[in-house]
């Protein structure tokens, strides 16, 4: 898909859904309403960015959901009780991610299997930490997540910040450019004398970092954690990246698109709930929306390709 | 940070790079077989040779990307020291523009520079990168349409090539002192190629050095100060340009003319040809029992024409016992070999439906077929159950031949099938093809080697994706083929 | 309260208990609407059993302007953020079964711990000599699982003749418990009783039968298929046991409590309902009243709610 | 001793399925060690029974994964639930309808597989997302059709699935039968060659005359059909279909394929390994439960073993 228009489809889908939600529930069109619609999308957006970092280097992470759950458990326990130890654990988790990235590249392991294994490991650690839901959110993160900035609600500010920062990090900075280059043509990167293993470790570390942010924010919103709290983030994050115009291979990703994709998914849930569908069909409708948006993507790319071919022949 | 392009730092005579007796072997293939060359500031070295002569390998050795298995590469660093290896090559100001494009399609033009220039970091690197690439593009290709913010994947092939060339000449912390251009003009049109050539002239006049590889001999004559001719991993001629004539160059490169009449078995052309059994929209046609050659320089649309034809004639819903066409791949890794299978399984794949009884493969029949072809075509292995990758490239290629010929398809499509095949085997394969043709099969044979094309009953020469000439009978000769494939004034016809 | 709108926020619909709960709600709620007692009684279920999704659902309900939200929560604490927002918006929040700890909400609690303890107590009355027990737990990391487990531990410590020799996670699913029990049985000594969390007794019985062991006293969880199996075993060889679980109809009690709060009743924040116990004596009548494949149930009326409230006051 | 026999023995560790079986034997030994060998037969019989379900879905998943990177079927649990729900509802406990009920389950599989393939082929949706989205639809259908009520299977069917034949559980026999059939298809039939060729090099397969789209369609459909078959038997085995019955089979189906030594890079399937992986997944849980280790440790061990086996099996490294 054309890079410039890559962002167009997610923006349109989001705008369309938002319009539908406002039509169904005019009350949502307010400071208060927007915050309610979007605040739980903030950790999803962060997890989606984490997944995007992995997909950027042509891998896929099946463990991001359990990883965020693990981080949530650490946040609600260690980070609250003994902040120094808590920070140390989270740093170690990020390092573990970096190590995985290097291991996957050096040993030529399939990322999908390694992260599948890791999903069990993170899940087990989370259950060990919190056998029963509980823990307490550190006060600072709680107040950060419930802050009421003037004019624009926190959720919107946070999403704009996440999109902006990750866009800067990945799309603008010189290191981000190198990381994307690994996804685009790892051989060319190696030929220019870079260590692809180090770059991959870097991408994974970034994924770990955003996963940590996601878990911390989540606890800030829910005030406590449980070991299963974010399991569905794995599939949500993959879907979010794809909805946001990203692709599984080729380093073709868009951080802004990923955030918008996450928001679209969150909004789709609200939309379905405002539609007052029968509970039987609420799950199926989510699948249908996913299929619909991806099918539209096909139309876009088809048209684009035709146009390009015509231009080249003419 | 920015220094003048191509500032000659060292004395004009001290060579920037010296290659002594460099050897590179890929398994049995001797890509470089003892190459010695030097290049000094102000020089433009033209490197020519047939496909697979080892030019690209030499480039990779010179730029430090490939460590030779034998011999030496030394760089003269800016501070006068000697060095070796990738890092020193970069520090010496050696830049390469590779034959296969090596840009990342997901990056923009200016971002592509970041991968090559290590010093592009920190705040404002985009501005610097944009400045460098825009300046280089404007200098080399005045009037170009490329914006630094465009995504590489959306550029045309020619535009990507222009970006790579510009990146090679662009300013950097270490200015470019030697730029290696591996077939840079293959996808550029004449006007833009001209711009490049004149830039090379200015660059060398200012003390820069260039290695220029091209199949367009006219260009090489225009731009090179010295021409080295490579053949089978060696440099067989090295003289100042003025001492070559174009005809002399072709003679040096070509090696078929003398053997041609011998290679062409008498009577092969006299086989009674049957009715026309294929005709494609782009103008290819063949009769029953005819060997049709596709010639021209690599990458001018021959492979695509073959694949298009094959796809249109082979079924999608089931593998049939009597396929209309069979395919012999030349790019084995991409189009032919099943890497985790045995030789046996690789060999029987296309013919499998005829060896199948109610869905189950008749394994004894399969073995018999494989044993039969093993002896017919001489696959050098003690056990057909060995992995296909345990074979040498030439023998792998024989397996792919056998895969297609074992089927009963009346038409066989061959996409440069003799890559990496040794001379003896080639002769066997030619004989095999002739016999099969005599038996009524038709062949569509694309080859990068003129020698092979000259064996055909009819030849279509491709240029820029179109058929530029159709040769038959005595018109099939090296001169005519070269003339139709090269864009060259005054040679051949 | 004729203009009040009440919503049910439900986190899971994947088993017969929840389906019975939704059905009771639908029945009682639509009757109340047609009687003009409330304006709406809508039910919402999240697509996956996740606290994050339920929190979003509650936030949507706030936006939709419901006057009361009745919650069966995925997590006792993880919804507190959303519940607080609802309270701040002036919405009455009543939680039941899976209760929330946020102080502004009402809780109709079942004493899960007591439920675990009573299982052991019942076994002690049946088997004075004590013996080895197998424990089937629910889903790791979930509140109810931990509570019932704690109750069982307490019961065992009160009745020292019992010993838990094996513990498995059955995820509250018939097939998972069957698998887990079958896996641990071979390494266990003789077992006199199985303590469960509801919904997994039948699977345990199947596994034990398959292993060729005598079926011990398995405490059941009011599922129709369990009770049917129990009745058949009783008719065959006089099998005796106890079955207890929270009635899915508790949702309707929560509905009426919310209505009473609108009505101005003084309702304490913490209410308790007894769990529904099926004994050897009540087995037949309960089985008869329970639809096939469903769960033993009681639906509550406005009068019941008033009685529960006045008892608590 | 016979020399070639010794040679074969030393060759064993290089077989991809070896590690799964070796680890299973270890787990089995560790469990029975606890009871000084008592209960070994019981454990074996239980392991054989329950591994059969994982093995059947695992075989379907293996067909799909063999197609190469990016191919995976996430709709297996939902397909299992839907097939079981519809089939049991249709049979409504009546003995006469056992076979038609099986037909219903298989039809559901055909439909689901066909739908998955259509999403992948016609709408060009990446398989991961296509099968995920489709699974939501199947879940909804299952809820809508039965509202979560557990309907008992016909008595004969329940007895059959829990019964055994000369001491071997019937489900094991069915699982082995399907494994043998899959082995024949993959190792002896032309279709198996096609699948393997597709997974190794789709382009070369197409150029050798392999009908690649047929291969892909049949593969996705087989996966769904095997899932629905498992759903039908599992529901009968455990006394009724439940909406959450397939949930744990998503990860199991993938893990079993990977542990069993099939290559995630495609082209290389391994039927014996599926059974090894299925036994291992059951025996590990049994072992850890028997030793009284909690859910947390159990999960961590499972993950470590998956990564360990994959790292051990992939010999190739790359210089930094």
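Read from first to last, the chains carry the letters A, B, C and D; within each, the first residue is number 1.
In this section, a contact is a pair of C-beta atoms (placed from the backbone, for glycine too) under 8 Å apart; a residue touches a chain by one contact, two chains touch by 3 or more.
Remember, predicted model here, so these are calculated numbers, not experimental data.
S.K.: State the pair with the higher C-beta contact count; candidates are A-D and B-D.
M.R.: A-D
S.K.: Where centres are the averaged C-alpha coordinates, which chain has the largest centre distance to chain A?
M.R.: With centres defined by C-alpha atoms, farthest from chain A sits B.
S.K.: Averaging only over C-alpha atoms, locate the centres of chain C and chain D and give their separation in whole Å.
M.R.: 33
S.K.: Please report how many Å separate the Cα centroid of chain B from that of chain D, as a whole number.
M.R.: Measuring from centre to centre gives 46 Å for this pair.
S.K.: Take the average of all CA coordinates in chain A, do the same for chain B, and state the distance between these two points in whole angstrom.
M.R.: From the centre of chain A to the centre of chain B is 43 Å.
S.K.: Counting only residues that touch at least two other chains, what does the list for chain B look like?
M.R.: none
S.K.: Check each residue of chain C and list the ones that touch at least two other chains.
M.R.: 13, 47, 140-141
S.K.: List, in ascending order, every residue of chain D touching at least 2 other chains.
M.R.: Expected reply: 136, 139, 143, 147, 294-296.
S.K.: Select the category (line, ring, star, complete, other) that matches the graph of chains linked by touching.
M.R.: Chain contacts: none of line, ring, star or complete; other.
S.K.: Let me know each pair of chains that touch one another.
M.R.: After working through each pair, the chains in contact turn out to be A-B, A-C, A-D, B-D, C-D.
S.K.: Which of the residues in chain D come into contact with chain C in the complex?
M.R.: 31-32, 34-35, 38-43, 45-47, 49-50, 136, 139, 143, 147-152, 162, 234, 237-240, 242-245, 247-248, 282-283, 285-286, 289-290, 292, 294-296
S.K.: Within the complex, which stretch of chain D touches chain B?
M.R.: 184, 188-191, 193-194, 196-197, 200-201, 203-214, 263, 267-268
S.K.: Enumerate the contact residues on chain D facing chain A in the complex.
M.R.: 69-70, 72, 74, 119, 123-126, 128-130, 132-137, 139-141, 143-144, 147, 251, 254-255, 258, 264-265, 294-307, 310-311, 314, 316-318, 320
S.K.: Using the touch rule from the top, collect the residues of chain A that touch chain C in their complex.
M.R.: Touch list, chain A to chain C: 25, 27-28, 33, 36-37, 39-40, 43, 126-127, 130-135, 146, 218, 221-232, 266, 269-270, 273-274, 276, 279, 282-283, 286.
S.K.: Mind pulling up the chain C residues that touch chain D in the complex?
M.R.: Where chain C meets chain D, its residues are 13-16, 18-19, 23, 47, 140-141, 166-169, 171, 173-176, 178-180, 182-188, 202-203, 206-207, 210-212, 223-225, 291-294.
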